[in-house]
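First chain A sits with chain B, and in the next complex the same chain sits with chain C.
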Partner chain A sequence: MSNFRYKVGPIAKCVFQTQSPRSNLWCTLMQYRFYPRPTSFPDYFQNPIFRKEDQAKLIESNELTKLAALPVKPPAAYETSSVYHDPLVSKLINHVMKMGNKKLARNLVEKAFENIKRIQIERYHLATTPEEKAKVVLNPKDILHKAVENSKPLLQLLPIKRGGITYQVPGPITEKRSLFLAIKWLLEATNDKERTIHFPEQFAWELLDAANNTGKVVKRKQDIHRQCEANRAYAHYRWQ
Partner chain B sequence: MLSRNLRFLSRRYSQGVTFRTTETSPSQQNENQIGLFYTVNNDVCKQLFGHGGLPKSYMKQTKTFTETSLMVRLPALDIINCIKATDFDKPVIRYMLYGEIGAGKSLTLAHLLHYAYEDGYLIVHVPWVSEWLRRVPRHKEMSNSPTHEGLVDLPLDGAAWLLHFKMQNQVLLKKGNLKISKEYVWSKREQTPEGAPLAELIEHGITRVKYACDVIDALISEIKILSNSKQCKTFVAIDGFNTFFYPLTRLSTPTKKKVTPEEVTLTKSFMELTKNDWVNGVIILTADQLGVSQDHQESHLPKYLLYKKGFEHIDPFVPVEVGRYSEREFMSCASYYRDRLWLRGPRETEGELKLASACNPYKFMELCAPL
Partner chain C sequence: MFLCYNKMSFAIKLTLKQALPIASRSSIILQNVYNYSSKATSQDNFYNNFTDWETLSKKKKVSKAMRAYLERAKEHDEFMKKQQFEYNIGKRHLANMMGEDPETFTQKDVDRAVEYLFPSGIYDRAARPLMKPPEEVFPARKAAEFDEAGWPHHFLFYTGKPNFFKLLYDITENIQDLYKYGDKVIRKKEVTDEKLLLNITGSVWLTKDQLEQLLVETVTDLEYDNFKLAMDRLVSLPHSHIYKDFIEKFRKPLATQRFALEIPKPSYDENGNAFVTTYECLRKKARGDVTIKSPGTGKITINGQDLTYFEDTQSREQVIFPLIFTGMQDKVDIVCNIEGGGPSGQSGAIRWGIAWGLRSFVDKDMLEAMQLAGLLTRDHRRRERKKPGQPGARKKPTWKRR
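So, the complex of A and B:
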């Protein structure tokens, strides 16, 4: 039963949430930590609201007075009100991290951003007309957002067993899982490299490729979409 | 219309603060230009720093920024003013640049080198002493010195340095009025006659790498003689001078014996040059924590880094501290980065970066990189 809910729950959620603005959901997904195990905090502890913009929004909508009386979890070390805090970047760092070595992971991601910046600034200087110059995206974080947006799949294939045969059944995908897959694919594409090329360099190229809607990751996404399209005949197995 | 667009675009990330000065000659710069950037001409840059001299991370920046810009800072101006007021008949004055890691010692030295170049000095510049004594690549060449008993030669490094010297002083050397004072006999068939131009001596060192270190030794004594006789004025700049006094080098002889700095011929030559027993010259040295091993990096002060021996060697010297950015310098640097598209984002970023980098120039540059 619980297994069933795991499979259906997210889908239903996804269907409902298609009307709500996507960016809003994006923010909520990124901002709150997900605790896999019970924490020392009881349920009624609220997630911290650490961004100044969010706090201003709360004050505006008069919800702060409600929250003021409730206990709040402490923010994590990476949840800061810094100007250059970006939830997607901190999520990405967590995905790059191995064995809890966050310092190294952060360094690698920052180096990749630096490489992107250098490549883009060079392109900017090479461009001759102002129109071309204006087209070059110089902010590495914009490029990351674009790349992740471009490599997020819209459908997924679920293996479902019917009559002794496992069918690859296409189905909708939750926002959260598609984000996970996008980041995972980007990192897998990066790690598939020559031994002599370093991670930051390769990662920079992959991100630039994906932001440009080309490259390995986007191709992988399109392959999944194509397979979903081919397997549409099995779609009814999802509920039969 | 097009030009207006261009102007608008180029101003897209810059702001009102002035951060550039058109005064490109270091000898003309004054206190009004502190904190402003001036651009070094590309040809000059290639000639002065073509074979090293600028830090690697800075070279990367010059490529991205498509120009070589140096900030006019107080230590450099102070030293330039001192040099202008120096009586060149008195023994040479030694200046010691010191400061934290990343404070800009090497770039101050680069600024001073530019001044020396414009003023027509004969430049004796060692880009980074650790390159000789502490960096051991796979094909580090070492040989026992044929002339000095018990000492070690670094022929390849010596030849590379001679090339660097030749490149920096090509204008002076081409004139050919610098002659050597005595005959040097290298082997049965090779010798440099008395009265030959200095360039010939250098050329010999570069082509016959075996003798490079001996040539450097000879070259330095010749330079001293030439300066003493007022034929040229000499500007000595040594980056990471304290490495000469660290008890050990990373080198070891084929018999696995550790080499001390005093056992390297290059050290001996440059020790000779940094004594103040000659006139008509300027000596600028830097003490750098990165030049020694990690267990001796606790302080950036010269007394600690040079040990007693080094301190006594250069004893009457002028210490010049290269500090962190002041408020004005920081703002000017930030707007320069904005102009070069290196820094982006809202205005509050500067405040945060200032706190995070503690106004350390290198750290500031590093923190800006991923933004």
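So, the complex of A and C:
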């Protein structure tokens, strides 16, 4: 069955004699280069904890020794331990990105942040009393967090078919889906604009509006909540 | 490999030893029977009324199954001997071809020789030429599972997979025991010591192949899942540490990353400055080397340019990631040469190279922190190939009814 594997032809011998050991090494290296490599890490690899504050938390809760024995995945190409790294911002960049053009997406988001900063600094200088000045939030990332927090829906409507009629049944929403909807609505509201206005400008306005609990996105969220309230009578269809 | 061979030959030899005397004895018995019966037919017909020759001879006869097994075992033994002989000859041929000593030619050398003499770009590793000792190529076989009368030794013989089902049986029995033990503990209001508790992080269950090798039986996917489920339940019980030995038989430790063992000592140049060079920094298609010079000012040189070699911010952040993490950003100088791949791959390769080189300049706590941050793990992932019949590696054509 495997006899042919044990025997070696005479041609190979000639090849060996003509080649130098240096090319032998090169040959094996080249071969390894094109061997298949796994495209993902095995399940038992742990996610990396690459931020100092997260590691400090682990040390406090004494879970570090447990994790130290396990192999760890390398951090992704967009993750750093820098103070400028923010998971929500990288998530937002991925939502803005089209056709894998991350450079442009990042540029657009950063420009929007710049616009927010400009608008807020202007407001800061227009404010007359120190109390009013203290109220103005100058950090664009804080405004983004506030805006997303304000746009997150608490309930969702699920279409459920009962007796041939589709009812919009209110139900709870997962944290992940609520974050997804908030970012999606913010971007949808931004893209619903005049052609002459650019994305960063409009996005900055939308974020400022949402952070202030006003604007299209917050209205949309409140509409959903209102409809959920109106459809309370259908709630039992979720389990009946 | 060697171990495997030992086990194998042990199984076969043992059965032959057990079986051979029986066989020789049986032939004698058969002769006797023949003599008696011939006697009986010729003259003493009335003896038949006193002794039942047929049942007597049947009792001592070797069963058909045993005889068939003996034949098979003998055949297999001969086959393996032949394969071993051919393997040894093949090994000598290979050694001669490679110009090395055939006596000290090991399996490692064989693999190297086959790879060199039969270079193969075939995608599937299993389809590439190989030469392995026959014990590895041909699966091990079980010894006789029944006695000479044909009766099975094992009480689960008729399940077809006695070892596997015995294992499931044992697990269940252990679980029942643990329930009883737990009740007893509650009744006596005892408190178990924290130190005794079972800690199984750092090891995984045996894979299907490993389990099959251990049991010498084929196991289906469903059966393997059942095994894992049962074992998981056993482990989840509060007093599972009682069966620690039993559980650990079916777990394999994960390869721990021993970063601390072989940290290189930095070399010194003519000015007395320490430096460490990491070669073969790989990520995606990028390859390069990174040199870290110890008393430095945080100057980074990539292919003769500074950090602006990378046009996008993300790649620049990646390069300085390990420096920021360890707080060495203005204590060392970095020089790297990198080629191949795109900005993401190149920056990833440099990131790993810097982290790997910094091991020589940081303390042990920081090393552990770097390990936990995954900076010392090499990212070996590569682009997955496109498959024929579909538009991408995983993407399938749009489904159409007709």
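The criterion applied here is as follows: the second predicted complex is superposed on the first by the 201 of 240 C-alpha atoms of A that agree within 3 Å, B and C clash if a C-alpha of one lies under 4 Å from a C-alpha of the other, contacts with A are read in each partner's own complex, and residues count from 1 in each chain.
As a working rule, a contact is a pair of C-beta atoms (placed from the backbone, for glycine too) under 8 Å apart; a residue touches a chain by one contact, two chains touch by 3 or more.
These figures come from a predicted structure and were not determined experimentally.
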Next on the checklist: A:A134 in the overlay: touching chain B, chain C, both, or neither? Say first, second, both or neither.
Outcome noted: first
Checklist entry - Which chain makes contact with more of the residues of chain A, chain B or else chain C? => result C
Next on the checklist: Is A:F113 touching anything from chain B or chain C once the two structures are fitted on A? First, second, both or neither.
Outcome noted: first
Checklist entry - Given the touch rule stated above, what does A:S82 touch, chain B (first), chain C (second), both, or neither? => result both
Checklist entry - Which partner does A:F50 reach: the first (chain B), the second (chain C), both, or neither? => result second
Next on the checklist: Between chain B and chain C, whom does A:F180 touch in the aligned arrangement: first, second, both, or neither?
Outcome noted: neither
Checklist entry - Which of the two partners, first being chain B and second being chain C, lies in contact with A:I121: first, second, both, or neither? => result first
Checklist entry - What part of chain A is shared between its chain B contacts and its chain C contacts? => result 82, 84
Item to check | Complex interface listing, chain A residues touching chain B | outcome: 82-84, 109-111, 113-114, 117-118, 121-122, 124-125, 130, 133-134, 138-140
Checklist entry - Which bits of chain C are touching chain A when the two form their complex? => result 86-87, 89-90, 93-94, 97-99, 112, 115-121, 123-125, 129-131, 137, 201-202, 204, 254-257, 311-314, 317-318, 320-321, 324-325, 344, 347-348, 352, 368-369, 371-375, 377-385, 393
Next on the checklist: Considering only the defined contacts, which chain A positions touch chain C in the complex?
Outcome noted: 2-3, 5-8, 12-13, 15-16, 24, 27-28, 31, 34-41, 44-45, 48-50, 52, 55, 58, 64, 66-75, 77-78, 80-82, 84-85, 102-103, 106
Checklist outcome for this item: chain B residues touching chain A in their complex are 2, 5-6, 8-9, 60, 64, 66, 340-342, 344-346, 348-349, 352, 369-371
